[in-house]
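Per-chain numbering from 1; labels A, B, C, D and E assigned in written order.
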């Protein structure tokens, strides 16, 4: 598309307008997201030990390698530098428990990068979130490891009973919120610890504070919009408040949004460009749908945590939401739908 | 319209022909089917009792079924048992909820026929007052060897994590668990589905009645030597087994990793089954004794 | 509301509450600092000019002179025979050197008349007349004879635009938004000639027979707003003219967006402004109307911004129509070695050219000499569906989908996204992080898809 | 007329069952009773009752309806301040899947002896129906978790318009045929002991309905016929249309449950078709590797949907 | 149908490869996804389909002159349903364990479009012997597809073949889950497409050089 012509001693570039472009590039966005994801990793290393760092590294390396190999095999330009595979690798590691065997993320990476991303046409064309498909696949393949390989976090002062390593959501689901409060001492202690990130859980999901910080930075930079995170977290809080308790309107919304993968999902997974609706109305509904499905799975489903599956299910709705909620046309010609 | 008669005749002939073929197939297979189903169930029973190909059941071993019914009369609810008699027929005994005898009726039905629910219903409605409504509740299978009770077999179901889990529980006459077979389950493969594995099932083996009543699930990893015993009992001597069982077997069950809920469901289910059964069999035995029923059991 | 009486207390709140269009828009770097404070400078007459015979929207003019004919400045040398168009004039006094073809900045080449200037000829003087007594027809006739076309870029013949169906128009909007980066022509005109512009507005209002006029100016030109407000206050007796400061947002100067920003009315797709009772005129056009009516002066010169880091001396130059850019570049001290791209018009909607050998036309508002650091030379990547372009598109289209459909070869199906409503403002391509040439995709789609 | 009357009675009874989840045999003094948590039953009275009598745990006889001879042990009974709400706590967890019978031997309200009250506590029937609907639609979605009806599914999910047409047609035929199959099975095949004919009969019903709808649509509404006619024949080749009546027989549903189940199955199929078609329309624009184009990638997409739908596994709404 | 009649062997090969009901024609996908978890399941269902296909093909081929064209489809359905009921009853009687594993799929053979399609395009137009071989070919093709899937899934999912442990470990539980059926079928289709592509390329090369 670009054509050049001799001009004195060099050529003039000729291309279509616009001739200036914003400095935001795909690489910039991706690497910013990577940077926002690093603090929770440091936190996780501090509370779960060096093991989680190794798992994350294995995950990232295998994702990048899979990306390079699949692109080579499919005859596509190799784009490992744009950072998208790195993000997938980090996110994949973040949604698996810290105590899993080291080979798990490798298998997850093949499923995530090759099957979910490259078979569907590469960057931007995937229908489902690669990291979450990786997790769902691992969940189906290694159900025991994926549901029990939790590690008791350091700096947590409760007694080392059999439930020490169980995730808070597991305790809430099967023993009730009272059991959780009993275990941790008091509600305020729960809030404090969960907010900082000292609780059992998947590698990257524990530190609500650092994830929130990263997410807010992305919103501030304009790389993601607030619609999805706010509607998703809001719906989870609201519905948990209504249905989460023994009677209506007795649930504890704060524990619900601080536990599980809500923060990680809301800011870094649900907002994945390729798999979320493009426009704000769709995004609001998408976020609310994720929230509702999360609460449904948490309260009524077979798993204690539902964010992963809720996002995957709503990913499936994204093309439909995109076709229903288009931007409002400036002033369409008469007789044509808006 | 001209073709109409031809179409109708053609369709009728086709229908009759296909009905004929299917009918013939049905007739040819129905007997084999019932037989095979019973054989399959019998194998499960043998397995629950601990008999294998190397250790076959004695030929004198016999199974007798006792069926429990709940009956409704206007303003009155009570229970009844169908008890097999020595003459190969059944008698029906009705008793109230406190276990007191109400009445007794003889039924004209053989043990073989009684396995069919519809046949039982027919026999019962023939002798009972027409105003009485009756509902089948469950059955007890009693294994008898040379006129002596060897074991009780209880086919039961309870709610699992996902769907109903159907089990066959074998008890010694003193209610110690002799064996457990999982007949049907639809738990998650690899997680709750592991209840079918020996290392889980066999944990129940040998639990006494007292232990069962206090049974609870613990979320600790299964000790390795215990697991080996549970999985491959035949490879060890009886002494070894006894030693290790004594060491680890108490009134607790090691939960399956990642499937605590299923483990709890099974444990509680079995606890309930044994408790209810122990209560009922006492009542039943008392009735048989008091009423001088010539029962085969 | 915020009209005329505003006393430049620009604060954040005012920024927020300024009028603007509702949907989309972007904030490209303004880069007006190169030229915004430079007064309009008159360039010495060139020795040769190439008068293109197609400088407007419509049919090509037919040359009315032959080779070697002598022409005076202001003589009509070309006119359309039938159809839409405007006449062209000799911009200098001299001899017709050739009638041939010349490079048109937007097209490959068009017929042109080359005039060699007579260095001895005196400069032509234009005398002012009082226009107040003139009839509407006479006013229109003067505009027509002056060959005025819309100077914003489209080049729609002004006399046609000023003859809307009777009674349909109630509002005039003067477009002083100048939202394209770099360009400062209208800005300088408003600062230096506010009275002439107000007079021009009055002329247009008289022609249209209405009283209501707005001047929409982006808030990044406070001095222009001040000057215009003062001029309006002093001179607009009998008319209801007001200056409307507008929020700085591209494409504020687009006709439909400007009308929405100022009046809240929305021009339907494929409709014209007078469908909602509005006529929009450019600042430059208004000034040209004033000159044509008051001085009887045809369009022989034009103020053009020469800017960018690729030129030694950026300037707002008043040049004769037909002056070759090469000569202007020489006058301004030449280009710098870093020059990579020459763009005619603004950087968002202008056209890149491969040579400097083209003349200034009536619609040229700027020539930008851009260096590597100002333009992008990115390779484009697949769409990552970030949705930035949906947020940016002022028309509410879906450029991402259009791009994907074009890449997949499904050009006909792009009509469902309203591809024909696109006016190629370039917002989508500007914000695209994958640097996809979305405007180009849309042009391809427009060529192939049927309306 | 008689038919309408019986229909009205039928509807009323259904409504009654749906709305109230209590069978109160001792008058209507007991307003409502339901399970609470794992080991509690909550009872609401119409008026305040005598605290002393009602909090005596020997005053109760509670049993599971299948085990009337074994009373459940009560840990405690506590009456609320206004005397209208009673919570019974049991020593062990209750098996809430089966109905529980509660007998209150003596109930005194405002000095008046109300005698014996006996009632059944069970999960609400409306909830049960809702569970069947959601179960057939999402939890056990016929396409993504039961893997049925795939040929037609992949054939008609290329375009959204086709998918919607097929979904609507299928749902309507599904419900009709399931209902007719249910009636035939329960009132003809079962009494005559001809269960082995079920396959022939069920598929016969479907083909008859398809033929009938075809003829009726052609005559009455040619426009609708044009829109949906082409899908009618495809309905016949869809395993779901046969699987649903078979599953209804296996699960032993009654008429209402069968209706809800078939409706859920149809809607679930519709949903799957719609989601798949919107994804496949998007896939057409994507750069899929050549060997994988067409059905291959469609299958992998369905697999990914299947993985996502695993999130519903083990879900029980009520 | 090609102009010249095919030999019996060609008819079988056709069913196995060119018009493989699962991977090429993409018909009868439900069992391919749902119950191809073990080699045994694949084999038994393949056997059932083979029987129904051959029996119905022969029946229709014999009776084709007596069937009124207007009630063609209902008659075909009736014939298929009859044979399905027969095999259903027999399997449930003689192989109760395998029958349980296959659930309602045996009865769902009625709606397998492959059988109806072969009746319509082949058996209704050809005499008994070719119809028989075509039925065998299609049935074998189906069985082959089912067993390929069963092989992959049982080996990878359970490390076993025909229920006998072959591998020391169970590599990927994922493959015995029903959802893996979608992936296996998808990848097998891609393999078939790729092989076809290679053949085409080789043919073109031959034509050119």
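Going forward, contacts are C-beta pairs under 8 Å (C-beta built on N, C-alpha and C of every residue); 3 or more make two chains touch, one makes a residue touch a chain.
This is a predicted model, so every value here is computed, not measured.
Asks: Among the other chains, which touch subunit A and subunit C together?
Replies: D
Asks: If every step must land on a chain the current one touches, say how few steps get you from subunit B to subunit D.
Replies: The fewest steps needed to get from subunit B to subunit D is 1.
Asks: What chain is most central when centres are computed from CA atoms?
Replies: A
Asks: D-E versus C-D: which has more C-beta pairs touching?
Replies: D-E
Asks: Distance between subunit A and subunit B based on Cα centroids, please, to the nearest Å.
Replies: Inter-chain centre distance comes to 48 Å.
Asks: Can you check how far apart subunit C and subunit E are, centre to centre, with Cα atoms defining each centre and the answer in Å?
Replies: 70
Asks: Please compute the C-alpha centroid of subunit B, do the same for subunit C, then give the distance between them in whole Å.
Replies: Computed from C-alpha means, the inter-chain centre distance equals 91 Å.
Asks: Using mean CA coordinates as chain centres, what's the subunit B-subunit E distance in Å?
Replies: Their C-alpha centroids are separated by 39 Å.
Asks: Going by the contact rule already set, what residues in subunit E reach two or more other chains?
Replies: If we look for residues of subunit E contacting two or more partner chains, we find 74, 78, 81-82, 85, 89, 173, 177, 179, 183.
Asks: If you look at subunit A, which of its residues touch at least two other chains?
Replies: Expected reply: 115, 121-122, 125, 137, 140, 142-143, 302.
Asks: Mind pulling the subunit B residues that touch 2 or more other chains?
Replies: In subunit B, 18, 22, 26, 161-162, 188-190 touch at least two other chains.
Asks: Could you draw the chains as nodes, link the ones that touch, and say if you get a line, ring, star, complete or other?
Replies: Basically it's none of the tidy shapes, so other.
Asks: Which two-chain combinations touch?
Replies: A-B, A-C, A-D, A-E, B-D, B-E, C-D, D-E
Asks: Under the touch definition given earlier, write down the residues of subunit A that touch subunit E in their complex.
Replies: Those residues of subunit A that touch subunit E are 107, 115, 137, 140-143.
Asks: Going by the contact rule set out above, which residues of subunit B touch subunit D in the complex?
Replies: 18-19, 22, 26, 70, 77, 79, 97-99, 137-138, 158-159, 161-162, 188, 268, 272, 276, 279-280, 283
Asks: Please give the residue numbers of subunit D that touch subunit C in the complex, ascending.
Replies: Residues 284-285, 287.
Asks: Name, in rising order, each residue of subunit A that touches subunit D in their complex.
Replies: 74, 115-116, 118-122, 125, 127-128, 133, 136-137, 139-140, 246, 293, 296-297, 300-303, 306, 308-310, 312-313, 315-317, 319-320, 323
Asks: Show which residues of subunit C lie in contact with subunit A when the two form their complex.
Replies: Residues 23, 26, 28-29, 181, 256, 260, 266-271, 337, 339-343, 347-356, 368, 370, 374-378, 381-388, 390, 393-398, 400, 418, 421, 424, 426, 429-435, 437, 439-440, 443 of subunit C touch subunit A in their complex.
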